[in-house]
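The same chain A turns up in both complexes below, where it pairs with chain B and then with chain C.
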Partner chain A sequence: MVETTAWGVLLLPVILGLFAVGAAAFDATLAARAAGVAAPRSAALAPLRSAAGLLVQQRRRTLAADTLLWRAAGMVLLVAAVLASLVTPLGQWAVGDLSAGVVWFNAMEIVAWAAVWLAGWGANSAFGLVGGYRFVAQGLAYELPHMFVLTTAALGAGSLRVADIVAAQQDLWFVVWMPVAFAVYLLSVLAMAFAGPFNHAVSSDVAGGVLAELSGVDRLVFVAGRWVLLVSGAAMAVPLFLGGGSGPLLPDWLWTLVKTALVLAALVWAGRRVPTIRMERFEEISWMVLIPATLLQALFVSLVVI
Partner chain B sequence: MDGMQLAGGVPMAGRADDRDGLTLDQLHVPLGPLLPLWPPGLVVRTKLQGDVIQQAAVEVLGIGDARGDAFWLRPGRPLKARWLDASAALLAIAGWADAAAVARRLRDQVLTGTPQAEIAGPIRRWGRQVRRSRTLPWLLTGVGQVPDKPSTPRALAGDALTRLYRWVDSLADPKTSVAPPDVADGTPWAVDVLPSVLEGCELATARLIVASLDLDTDMLTVCEAHHG
Partner chain C sequence: MWREIVFWLCAAGSVITGVAVFRVDSMARATFALLASFLFAAGTVLLVDLTYLGVLVILMMIMEMVIMVVFMLMYMMNPAGLMPMTMVHNQKGSLAIAIGTFAVLATGIYLIDWPTSSAPQPEDPTMALGEALMGPKMLMMIVLGLALFATIVATVVLATHRGRYDRYGDRLDRDRPDDPVRGGVGR
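Here is the complex of A and B:
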């Protein structure tokens, strides 16, 4: 059973923030190791150092920028990323136990589409706009497989309530009999947080794309929102496929945290091992391979449930 | 200027037919002369519709003022280091930051005179990792295919993937890996074919193409000096 807690509203952003900082630190450590930096451990602090730098950096202006929408983009991304986790249970507590929790999660991460596109549009810069449109194209590639995968997990439990999905995995975790759905879910989490190898919207070939002109606090809020979105996606993998808080010895809230950390670390590690996948190639593999595969998985699950 | 809309004092984009015959906004966007992972001084003046390059004009700035002294032709700069440098730039543009970082580290080690025996192993390991990637061929095959003519420099023939693999294989080969710098450079030829190769490409592909052609704008100043 999942009970809702009011004080969770205060705790949730803190937990998400800590995970986001941890993920960024792990990412920076991996980068430093590849570059052969003498002390990769001190590289773990690099994200915090650059965050401090961004806090005092003066904002860069561009000609005829759409300032309101541009500044709003980062806030929208961060708030949507936090709200997405509203329905994710930590052990037996969740901030909100909505009857259509899976739909809520999906709706919040789609808000990110608007946020990223606005960040690209607002700067009135060619590279920013190219980055923004790349993300919209990426959305076309990952969103359908992503939704089919969410549907598959809901089908397995016969409910859109996240608590019911966790309860349905008491005997057998969904990852065991829905491995395709789980794999595609992880891929789509990387894509929705435009993390590597799906970072074409912010890649270096367009000088940072959406991020090209973002500076100071605006940049900090946007980048933080991106990491929190990755955390929210990784955290949702636990109730959807990994049995929620179930596990031996440890209390269930701790199991949830451990599983989330493992999924997150795997995502960050895997994302660095592959070159950036350009939109036209992603589109191809998404429509030719991922969509049929997820549909077959959904069909298989429906037959088993019947 | 009455009828024209102005955004911050800049006229709105004009329109022109795109490759499918649709009338779309056309932006004039220069790439270079200064961009990360871009040959210094190279300017590609593009007409963009969306992120597709409709037209490209190439020029290299500052040739007249240069001293005719190419970085890669100075003593102690083996070809091996240049291949690593070119591979690092291409891998970074392709979005594989870690493999690029390793290549840059190895390049620096070669330039600071690390003995061949010590560095051969790490270079081979890096080369194996690059050649083992299955995503890279999927992303680079057919990108920047240059016309197969007698005038095409052998080092630049094929597409971006062929060129990357050529550098990687040459680096692993003990015979070629001690080669001296190459004066017969492909850069003048590459600058000539660049506009025709870039036209119709997306921005992302264009960046990959430029990186894969290993343009060394220093070499143009040397050629200039040779011609008088």
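Here is the complex of A and C:
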């Protein structure tokens, strides 16, 4: 049973923020280790240091920038990333228990399309615009498999309400009999947060893409939004596929946190291990491999449910 | 009480951003003003407890507008928004049509004797609405859906620049497709 809590509105951003800082620290440690730094653990504080630096940095301006849309991009990304977790239960508490919770989660993810494109457009820089268009193409590539995967989990429970999906996994976690859906979900979570191998929109071959001209507080807000989006995606994997808060000994809210941390760590680790994937390459893989695979998985699940 | 406040906020927001679509001088701003207008409209759908429909409107409109902005910038005049432009054409004609439509709809709202019901709210309003709208005409709706989907597929097939004969040769006997871009499946 999931109950809604009003005070969760205050707690949710804090939890997401802590997870985001942790993920960024882990990512920095992995990067330092890959670079061969003598004491990679000391790099864990690098994200906080650079955040503090960005706070006091003066904004860089570009000629004829669309300032309104450019500034809005980061804030929209951050707010939507937090709102996406509105329906994610922490143990037995959730901020909002919408009857169409899965659709709400997906709608808030899609906001990233608009935010990233706006960040690329607003700067009036060619590199930024290239990055923005890359992300729109990427969004089209990952969104259909992602939607089918969400539908599959909802099919298994016969409900779009996240609480019902958790309740349907009392006996058997969905990850056990929907492994394809779980794998594709993790893949599309990386893609929607343009992290890991899907960071083509911000990759170094276009001087940082949408991040190229972002500076100061704007950059901090945008990058924070990106990490929180990844955390939101990882956190949603727990109620959708990993049985929510169920587990032995520990209380269910702690299990939710532990599982979220594990999924998040796996995502960040995978993102560091795999090189950036070009979008025109992934587009074909998405349409020719992922969509049929997820459709077959959905067919299998609906046959089992019937 | 709070529902009325939210409704009027949504209604005013929707109209204001709708007006902004025609007042701003950049294609990107016009598109995202239109998106904001749709999102406010989705808010009013959420207010009548049609959660699924309201959230779906938010989802579809964001996707649609982000794809639309790509095409708007491609096809419209002054795509970069660096020079002043106007979204308004045929001013007198469109003004007449707009005022006429508004007058007809507004009088309709006040003249129609709206039915009231004391029946309790259904458990799943979205389901009830769907059955009320489409229940007796489900067969037609299904056929319509198929026809729409077939149209989409046919349009893509007609519009595609390179078909399978370009990729796999006239006899379709090439092992690997001849694509301008490397990568993807099988290469």
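Following the convention adopted for this analysis, the second predicted complex is superposed on the first by the 306 of 306 C-alpha atoms of A that agree within 3 Å, B and C clash if a C-alpha of one lies under 4 Å from a C-alpha of the other, contacts with A are read in each partner's own complex, and residues count from 1 in each chain.
Quick note on the criterion: a residue touches a chain if its C-beta (ideal position, glycine included) is under 8 Å from a C-beta of that chain, and two chains touch if they have at least 3 such contacts.
Bear in mind the structure is a predicted one, so any value in this text is a computation, not a measurement.
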After the superposition on A, what does A:64 contact: first (chain B), second (chain C), both or neither?
both
If you stack the two complexes on chain A, which partner ends up touching A:117: first (chain B), second (chain C), both, or neither?
second
Which of the two partners, first being chain B and second being chain C, lies in contact with A:133: first, second, both, or neither?
both
If you stack the two complexes on chain A, which partner ends up touching A:259: first (chain B), second (chain C), both, or neither?
neither
Examine A:226 and indicate which partner it touches, taking first as chain B and second as chain C; both and neither are also allowed.
neither
Looking at the overlay, what does A:278 touch: chain B (first), chain C (second), both, or neither?
both
When the two structures are overlaid on chain A, which partner does A:207 contact: first (chain B), second (chain C), both, or neither?
first
Please indicate which partner A:146 is in contact with in the superposed arrangement: first for chain B, second for chain C, both, or neither.
neither
Once the shared chain is lined up, is A:196 touching chain B (first), chain C (second), both, or neither of them?
first
Check: chain A residues flagged as touching chain B and also chain C 64, 133, 278, 280-281
In their shared complex, at which residues does chain B touch chain A?
7-10, 27, 29, 35-37, 48, 50-51, 91-99, 101-102, 104-105, 133, 135-136, 138-139, 202-205, 207-208
Which residues, counting only chain A, touch chain B once they are in their complex?
30-31, 34-36, 63-64, 124, 126, 130, 133-134, 196-197, 199-200, 203-207, 272-281
Please give the residue numbers of chain C that touch chain A in the complex, ascending.
26, 28-29, 32, 35, 51-52, 55-56, 58-59, 62-63, 65-67, 69-70, 81-82, 124, 181, 183-185
Partner chain C, residues of chain A touching it in the complex
64, 66, 68-69, 98-100, 103-104, 106-107, 110-111, 113-114, 117-118, 121, 133, 136, 139-140, 143, 160, 278, 280-281, 283-285, 288-289
